[in-house]
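Each of the next two complexes has chain A plus one more chain, namely chain B in the first and chain C in the second.
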Partner chain A sequence: MTRTVNILDLGARCLGEKALELVRELKRSQDGNLPPYNEDGIRQVVEEMRALFEQNQLEVRATTDGERGLLSGIQLRHACLERNQRCLLAYVHHRMTRIRDYRWQTGSVLPPSFRLSLCEQEIQWFTHYNRSLATYMRSIAPTGLDLTQHLQPPKSLLVEVRCLEDYGEFEMEDGTVVLLHKNTQHYLPRSQCEPLIRQGVLEHIH
Partner chain B sequence: MVCEMAESAREREGDESGGSDEYEYVTLTSAEVLEKLEEAWQNERFAPELLEHKTEVVDCVLEQIKEMEENLSHVGRGDFVAGIHRLELDRVQYVLRSYLRTRLEKIERHVLHVLEQEADGSSSSRLSPEELVFAKEYADNMEAHLQSLVLQHMPSNLQKLDHSKAVSRPNMDSYVFVRAVERTEQVNVDPHSADNVGY
Partner chain C sequence: MVVIDRVKEDFYQRISSDHVLVLVYPDVDSLCACKILQTLFKADNTQYTVVCVSGISQLKTAFTTHHDKVRSVVLINCGGGAKLIELLQPEEHICIFVVDSVRPLELDNVYNKGQVHIVLREGEVLEIPDFDDIYDSDQQAEEDGEEEGEEFFSDEEVEDSVTGGKRRRREGEASYEARRKRHLWRRKREEILYKYSEFNYHSTAASLVLYELAWRLTRDNNELLWLAITGLTEQLLHEKTDREMYVTEMHRMQPHVLRLNRSEEETVSAINTMKINFVEELRLDLYRHWTIYDSLCNSCYTACKFKVWSLKGHKNLLEFLADMGLPLVQCKQRFSAMDVQFRENFRSWIDRSAAKFGLDNMAYGSFSAQIGYKIKLSAADMLLSTTALIENPEKSTEEAFLQALDALSWSNVTKILAGIETAKLQQAAIKTHVRNFIDTHQVVCTGPFVYAYVEEGTPNMKYFSRPLTLCKLARFLREAWISSNKRARDYPFILSAPVDLEKGTCLVAGVPCQTEETRRSEFRKAFTQAADRTQANASFDCFDNCVFEMQMEDRGKFFDALTALCTV
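And now, the complex of A and B:
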């Protein structure tokens, strides 16, 4: 005898589709900007999970009361629950690593445009991460060692850079002050203009 | 890369752990220390898992960088030789930072696995004390983050992070490049043992 298993009344939508959509959203934006934190999507998945869970509890109770034939439905729902949980964790974790990469690329201050696509907890995470990274970098050497410097292997001591925006005065380690105007070209020590190149103020041309 | 450091002619002392138990003081030239750092760096970059932290080498190089910077600060700007030394200094700085960065990345990627290993205690510790602090903070921060965003909204039986499923581990079966350091007639490569990964 076959028996239709009432998985859950969710209209025509497949189970787990929302969660997959979230993961896909990140995958699509792999090299572009980080999309805003999809709070609505997360909420929908959580709601789906809650409904599945309630249905499962009902049926588990019915099964212990002696009803038969419900187990396969329960198992399927449980698998869906686990899958959804996994997807949500992957979503949040992947965003976390993206924010981390951002820290290494641009520095400890988040640009406003990037900050907008984060949720509050993510900003909090970023602050914590910043703090532990700073503690670590301070602790390796007596004077501290900034690991976010020297990201590229050096090819030459001085590099030619073009200024992309009006930055103003830039003081170098030895006290020389360079005036960085838009569209001017300079020949500067690589180690000192590296942060500015990463921030997009300077462009490395040769 | 040929090492042309300012003090390469001058011998300096570096403490290296000699045997497994006893500590032996070995005198190394800075070129040798640099070689050791480069070796550690290459191994670290090509190995899938976290290797032992070379604390002595790192400390030694840090000291040398400081010394070189001091020496260079007395030299005028136009000096050609000083320029070459500065470039060399930049290179050393890069290797050192890249080494530590690679380690941090590995720690972050497999943080729960690394901490498990550390807590296990069967093998000697691979993290430096500073890295251990960082790893713990990172793991706590990550779990708190996942908890606040996802897990606390889950049904009651799914609120815990299942370590057996969620821990990412290094792929110990991945291939690595090796260079023969000395001549050996025969090497047994047993696909079932994990010991064949040599560097």
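And now, the complex of A and C:
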């Protein structure tokens, strides 16, 4: 038995407003962290959609039975349904893109702080994505090529870096050991500095 | 030893294959030299590490922490006057190259074979005593050192000696003869050494040496040339060399400037490239970035000629402005905001009126650089800005050093402009201080020299706890003092300022007297002797020979001892 919900019971609000709020929430958080998966909001939007759909069903049946003057209502509700659908899809898709970018920029390990913002399915999706990416990277070259290392083509072999904190000794691939003392400037191979730059120990000087 | 003439093969090619440690003293010339070297290394993909060292103890620490990782070490403007092998005790495979403008160079460094190399410009002549006058080729002689007591030379010792010395194998009375000769030789050696290290002076700037290297490698361009010019300007404006030497060096730079900045009338060259040209610069600090009035009041030369701290002097200054035809309102506007006709004719008017008011040495030859339409800097502007950045009181020396190093690349020209703003504050602070000194009669003229203290708790004291700015203040104060007391022209000026209130230390800087043309100073020797006599707790750590640090409570008796020393 489907339960008919009167639209007005949802509190006198505009149709589609809840969906728009979901989208706005994501837009606001673009510079910061990913907000947690808004299950509540999604549930409300789905409820709204169901209510509209049921109403539409009723009216369509009534029209085929011969009643007039309901078509515009049906069209309006249909437009609302489509809009809600678009908003929901945008929400889910944007989150998916963010999670994917996270993998490319940071790594395959999810820290607990990030994990909290994801829902169960998103975490599963993340693991699947990791697996596919790893399989692909392994297949390109015999030893496996880490594509996530160099996201921009490097301009030079060596890069000038400044040491921001005392790190101690740093051994490089060819054996030379560099002492990373605070406030010293070095010119070192890019590939070996990148992890330290990402950690914040070294600062890239242009 | 090795005093290098073939710079490219003996210096550059030897270091460009390894990881190099570069130790740099924080002053403008060294910074420019370091930047030139960095550019050369980058072009050759040589890895390097840059560390700032402002004193001998820092040099030692930096070397000991970094040394087992590198094979080549380059010292820029530090360590030329210190016994490097003794101090650093480098291992066999380490090569130390020294590019230092300070003279006299430590003889152990010059005559060292293999580990310490002094890099000079091609054609430079070092005035050093002969090897034989200083070192006897006999092993025994070097171990004896300055001992007064004469040991008896046994036969075995005589046999062990490497021939080439003056001794022959004799017995008995012959050894007395040998001892006498040795004694005379030693006395002569002491005299020679005394005369050699008596005066401190500066020779070719490090940035010029490295620029020539870049030129020989055909890697020179306008940016490097500009750095070399800035280093050269420092030598003039910080009174490291005299006018004649500056002019000679400038003439050496002219061909480079002409070669790299050929102006073609037909083709339109790109706007964003740097262009350097020769200008007659006025001794008005930063006037293009400031107001004319401020610049006149705060520049050492004009402020002291007009004596702007006195009412009469101030009126004189206003008369000067009126004579030039510049309305006061215009003069108090930023130079770039002045009316076009005033701005364009300013140079010719000032030249005309300067002679009338006794400003004879107002102009000197220099260079200016331009990028695009907006940014035009003269060498003096660049120098003042970089000095202000290096001695930024809010940052530690190393941080400020790295910021200043950043600012030297033309892609970061906004930092230079920010440095100019800081320099203006500094200059204004210096002038206010000078005015205070003159008004409160704090400058004391004891017989052989003139001195003053910066009291604790004076506003803007933070600017003066660094060597370069302290020397600037000293020069300004000297000029100001001389303008009212003509007889003080022949006396050197010594200034002291507190540097660390917790430890109770103060910095003492000396500037030579104005009439001294050759810019040779005897401060290091005089200071060390006075400090020894009074057992003062002084550290002669700094590489700048005119500056040292000591405890404040020893200051009084130090100056007494210095007076006694100089009156002798």
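Note that in this section the second predicted complex is superposed on the first by the 142 of 206 C-alpha atoms of A that agree within 3 Å, B and C clash if a C-alpha of one lies under 4 Å from a C-alpha of the other, contacts with A are read in each partner's own complex, and residues count from 1 in each chain.
Keep in mind that, in the parts below, contacts are C-beta pairs under 8 Å (C-beta built on N, C-alpha and C of every residue); 3 or more make two chains touch, one makes a residue touch a chain.
As the structure is a computational prediction, the values presented were derived from the model and not from experiment.
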Chain B versus chain C as contact partner of A:I205, first or second or both or neither: second
Which superposed partner A:T184 touches (first chain B, second chain C, both, neither): second
Contacts of A:L157 with chain B and chain C, given as first, second, both or neither: both
Touch count on chain A, higher of chain B and chain C: B
First, second, both or neither for A:W125, with chain B first and chain C second: first
Which superposed partner A:A141 touches (first chain B, second chain C, both, neither): first
First (chain B), second (chain C), both or neither touched by A:Q85: first
Chain B and chain C footprints on chain A, overlapping residues: 156-157
Parts of chain C lying in touch with chain A, wherever the complex brings them together: 19, 38, 41-42, 45-52, 65-66, 68-70, 396, 398-399, 401-402, 405-406, 411
In the complex, chain A residues that touch chain B: 42, 46, 49-50, 53, 81-82, 85-86, 88-89, 92-93, 96, 100, 119, 121-122, 124-125, 128-129, 132-133, 135-136, 139-141, 143, 145, 147, 149-154, 156-157, 174, 190-191
Residue ranges of chain B in contact with chain A within the complex: 58, 62, 66, 77, 83, 86-87, 90-91, 93-94, 96-98, 100-101, 104, 108, 130-131, 133-134, 137-138, 141-142, 145-146, 148-151, 153-155, 157-158, 161, 165-166
For the chain A and chain C complex, residues of the former touching the latter: 156-158, 160, 162, 169, 176-179, 181-189, 205-206
